[in-house]
Amino acid sequence: MNGQGILKGMLVTAKNFFGSYVSRERLTTVSYPEGGNTIKEQSRNIPFLVFDGEDPVAGMRCTACQKCEKACPPQCIFIEKDKDERGKALQRPKVFDIDASVCMGCQICVEVCPFESIWMDSNFELSTFNRFEGLQFNREKLLKSNTYFHKIHPQQAQASDDRLAEKERKRLEREAARRAEKSASEPQV
Amino acid sequence: MQDTLNLFVMNIGQWLSANLGTLNNPDQIIVEIARWLRTEFGNWGVVGFILANLMATVPLIAVFSGCFALTTWLERKGLGRIQNRYGPNRVGPYGLFQPMADGIKMLLKEDIVPERADKIGHFLAPVIIMIPAMTGLVFLPIGRNIIAASIDSALLFFFAIGSIVSLSVFMAGWASHNKFSLVGGMRAIAQLVSYEMPLILSAVVVVMFVGSMNTSVIVEAQQIKSWVTSDAPALQCLGQVLGWHVFQPWGLMGFLLLFVSALAEANRSPFDLPEADSEIIAGHLTEYSGFKYALFFLAEYVNTFAIIGICTTLFLGGWNGPNIRPPWSDDPQALLIPGFVWFFLKIFVLMGIMIWIRGTLPRLRIDQLMGFAWKFLLPLAIINLLVAGCFYHMEWYFGWPFSILILCKSYAIVVRLNKSKLVNSNRTYTYA
Amino acid sequence: MKPFDIQPLTQRFPFVHADAFGNALIVPAKNLVSIVEWIQASRLYLCDTLSNVTGVDFLPKVIEEEGKDSEGNSVKIKKNIPGYIEVVYHFYSIELKRGPLTIKVRSNGRDNVRLPSLMPHYRSAEFQEREIFDLYGVYFEGHYDLRRLLMWESFEDFPMRKDYVPPNDNEYEPIASRHSGGDA
Amino acid sequence: MNTSTGYAPRNYKIVKHKDKTLLEVAMGPHHPSTHGVFRMDVKLDGETIIDLIPYFGYLHRNHEKLAEDMTYFSTMPYTDRLDYLCSMTNNWAYALTVEKLANISVPERAEYIRVIIGELTRLVNHMLLVGFYINDLGAIGTPLLYALREREKILDLFEWASGARMMCNYLRFGGIREDVSDEWLASCNKLVDAFPYFLDEYDQLLTGNEIVISRSQGVGVLSKELAINAGITGPMLRASGVNYDLRKTDSYSIYDRFNFRVPLGQFGDCYDRFMLRLLEMRESITILKQALRDIPKGEIQSKVPPVLKPKPGEAYGRIESPKGELGFYLVSDGSVNPYRYRVRPPSLINLTLLRDLCIGHKLADTIIIFGSIDIVLGEVDR
Amino acid sequence: MIITFCILSVFIIIGAVSTIRLHNIVYAVFSLMLLFSAIAGIFLLLMAEFVAVAQILIYLGAVGVLILFAVMLTHSVTGSSGKNIYSNGWGWGLLLSLSILFATLLPAIYFSDFPSDPAVEIIEPSVKKLGMEMMHSCVPAMWLIAILLTAALIGGIVIAAPPQKR
């Protein structure tokens, strides 16, 4: 026990003690309420539904295809199709529940969704007072506007808008092609 | 009763006017007031007797409990900064009210006593641990003739009281009927009993040199009398400092030995086996909660203060500090800066070193702890005793090289003896 | 890692034959220990680590097969294969840095299955065999300390078997479950 | 039914308790240094250990039964929860096995990003081990918090790449979910350059420290033969001097393109295992530097059908996870769900010898030996 | 002065009686400790600090702690021992002991003559005188005791040490 090792160790702690006053590199603690915010662009927590335009229900992108419900590992999504007054199924979910106490934020529903309608929110202050009603996110709580989506995930939102525009353009082309082909067959009759 | 009171007040007025005129030695103000009060209490009979005793002890307890609160804050802030994080900064400015918050929390916590615990033993342990902690403070010379009890076998009394700590720690361990606290209690006895030997032996060196066990005499002896009474302020300053025992070769070795065994006596970091929280949860304190735990905590810190106080009085010249005589006074003994400032400064510097050690070093194993005490500290303490003896009788030009040579050689020998054969510390790592 | 070639082994022990997927060897239970001792000792294999022991449960099933019946025209013959529990061993050789040698042992029948234990030869089998005993119910003879590894002692059933029905002890939830069947 | 029959193997220590009354202590699930929920029933004579029986199963949630009811793709986020300190290497092992089962190819850039992420996870894991190991030794928190400070920087990189700090769920069969931006690679470069300074500071603080040396040298010595026989893998095996690193022997993925060295220990005691982790961190940095230098551009995931239906067969894939050889054994019967999904947990198998290493040592040594084995209960109990 | 003396002597009596009478051995040892500390208190009252310190150091610190550990470490301690301490003839025993006490004490007080004035006027620091005395007049006795103690220490270690395998 000739003591050099211990003294060298003490020097290191002393360096850290004075270093924490000086270099930003050493003191990395961020005091939560008033300090900075370390949320990154990709960070994800609980999913939310995107809608275009103003009216949440009308502009909803989700068509209740229930792909995400099947693929979700802990089975925490529950969807019921919407029926209009004559009982015909509508392309819109009447009930879209996510049980936030079960959801582990694994983002599989986002990858499976063909209509770019469900994305991950990075807001992590989700504490509520009761475990059952508070953490059952129903459709109204989940719906958030596209502008909000652009605010929290700019790149992802931009990419999904481009893909949607691309799909819209292709659909119009097919529409035009079918109309042109129908108009071509019309005159022969 | 009414007339004694206004008589008392009138006396104060008359005394103040008398003394304020000639403040020839500033640091003696407290002593003057105390002496005057004692004469005043003298003629109050039994009540006066009790008040005089209380006047000697109550400020002692108040001051050192205040130091305890300050040290808990200092420790958490210091450890925090060592670990690159903020210490407590929520309660009050810079977290200064944190000790108060801890105290209130401890008071409000429920005091759980295990059902099959030995009720009386469980209750008595914190009480008994308070006795040695508090009585240890009585012999510390805080300032020039500011001392609670200046009896001539003070040092011996201090070490005698110190041995009761192991009794109460084991009682706590055994009474709380919990396997981990039993193991903690056993470790505590082994450690406290075996570290008393080096503690006493390293203190005996100073007694041998000074010739008396009275702590205030020891502190007086650490001034170079000729320099202090001379006129040049520089000499006065140095006289108060260079006289400390720590600047002697045997003094330095004695101080290091005393400090290391003080670490062990107070269960501080490399030797905190009795409450090793990674092995036996909290050792003898596992079953204590609420204010009993706070009492143990307070007793441990006050015990640390007592032992550090003894370290400063023996080797760092208790209240001696770089100090000059105030120009306007004629009394050769007067000091500009009061003695207790230096005393508390030294205590907090030593406490800072202890916190620094606590932030760095891991814990020793129980058999290494024993080996360290009996095979490392004890031989060094005995050799230090011999060297100091020879040093006393030699001239300084012959004594210094002799003692430095012997001490370093013995340190190297003891280190080589202790290096266990099994362990070779320089390991070669082949790369495949 | 270069895989082992099975040739010398199949010559040495003729009763060993490859399984359906081709890279594993099916070994009858009674002479598993002799094969393992040979593998450990022989210069060709030197398998000094048993890296993985797995239990797989096969339910009895009925399969149709093309077969000639008495009149010679092909008709589907119903053949039911009795269920069995298979223990798969993966041996590796650190000495020769050679790839996995997969050995499978199949039990006959699925209740109170008894198979020889490899713990005396490989210490790594100790916990893995205890886990198979715990989850599949395979009793390994010769295992020094065979008790349940993961479930608590008073648990009777073997959870990993295909026909295990988990007890319905989910805790109370005020909201009726919307998933079919489950009530939590 | 406790049925201990048969004879104990030659290297199994059978302990005869003399008639002395022994102190039986349950270092139970609620113990500050069992790294999770794990119980050791210890028989003490004074301070020395006479017998030690480990109990598992407190965190058992039958992960393998769950996987049999879900599709191959849905199990991926659950593999994060196996060894929750290094989630990406679990994903990698699972993805590797499924790619072997359904022979899916992986593009270049994805392989490079996988290696980078794998080595970053190795850094995180080894730092945490060293931190917790010294914390068990008794230095209250200081080395641990230095390690956590560096780990924060790496976890920020993970969050930037995958979206979550610990439960990343970032790898897919045939590649990676999202591409990594160039700023990410630049900040990764900056971190890798700054890392050796932290390691030097750690060395200066710990390796020479007399108390660490005297407490961990000669404690829990593991011989080479016993380690190989007990299936010990990873840094614990290499600490006993056995040259067996899957990145070198299996050279799975693209590890054959990087030249790095594998440190080997000499005595196989706690100090060697602790030093091994520090030296392996330095090797991981060399790999990271090479990978970051020549990472190509290109697509990050090969074409994979959305619902994977591999043809009937079986596959055993394994990687060198920071704790040892992490293997997945998948049997598929052609349907969407795997027929049998088995995880070979390095932590559980490394614990086989805990009893043999601890007998005869002091109570404080069991904590050190247990800490040096580096286990995570999520993987042990599955 | 007198009050403290009375309090201490009451403590001594309580300590002595409870040491014998208490069923629970551990509490008996605690009361023994109380007895020793009370005796140290009385020494302090007599201004004999060194003897008081020696009393605390030796009895309270070493002997008391030793007995306590011995009692606590042997597993035979089950709280109360349960045996009945009263043999039926305790009355006669008490009478006999009291009579012997007075038979010896009274003549001793009657014949010896107490000096009227207090023995020593000023009390100068006794430690220095004790030290001188020990070092000059009874040096051989001190050497003898020192050797005896070290022999006892080494003997204790040899007995307690675990059997070393040669």
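In this document, chain identifiers A, B, C, D and E correspond to the written order of the chains, with residue numbering beginning at 1 in each.
By definition in this document, a contact is a pair of C-beta atoms (placed from the backbone, for glycine too) under 8 Å apart; a residue touches a chain by one contact, two chains touch by 3 or more.
If you're wondering where the values come from, they're calculated on a predicted model, not measured in any experiment.
With respect to subunit B, maximal separation of chain centres occurs for C (centres as means of Cα atoms).
Centrality annotation: D (chain centre taken as mean Cα position, compared with the mean over all protein Cα atoms). Chain centres here are means of the Cα atoms, and by that rule the chain farthest away from subunit E is A. Of the two chain pairs shown, B-E and C-D, the one joined by more C-beta contacts is C-D. With centres taken as mean Cα positions, subunit D sits 26 Å from subunit C. In whole angstrom, the spacing between the mean C-alpha positions of subunit A and subunit D is 31. Our note on geometry: subunit B versus subunit D, Cα centroid distance of 47 Å, whole angstroms.
Subunit A and subunit E have centres, each the mean of its CA atoms, that are 80 Å apart. Annotation for subunit B: residues touching 2 or more other chains are 82-85, 359-361. None of the residues of subunit E touches two or more other chains. Multi-chain contact residues of subunit D, defined as those touching 2 or more other chains: 142, 146, 149, 205, 209, 211-214. Looking at the complex, you find that subunit B touches subunit A at residues 78, 81-86, 89, 356-357, 359-361, 372, 376, 415, 418-419.
Across the interface of their complex, subunit B is touched by residues 1-2, 6, 9-10, 12-14, 16-17, 19-21, 26-29, 31 of subunit A.
Note for the complex: subunit D touches subunit B at residues 23-25, 31-33, 44, 46-47, 134-142, 145-146, 149, 205, 209, 211-215, 217-218, 243, 245, 248, 261-267, 271-272, 275-276, 279, 362-365, 367.
Only residues 79, 82-85, 179-180, 182-183, 186, 269-270, 272, 276-281, 358-368, 420, 422-425, 427-432 of subunit B touch subunit D when the two sit together in their complex. Interface of subunit A with subunit D (complex): residues 1-6, 8-9, 11-13, 15-16, 26, 28, 38, 40-44, 71-73, 104-108, 111-112, 120.
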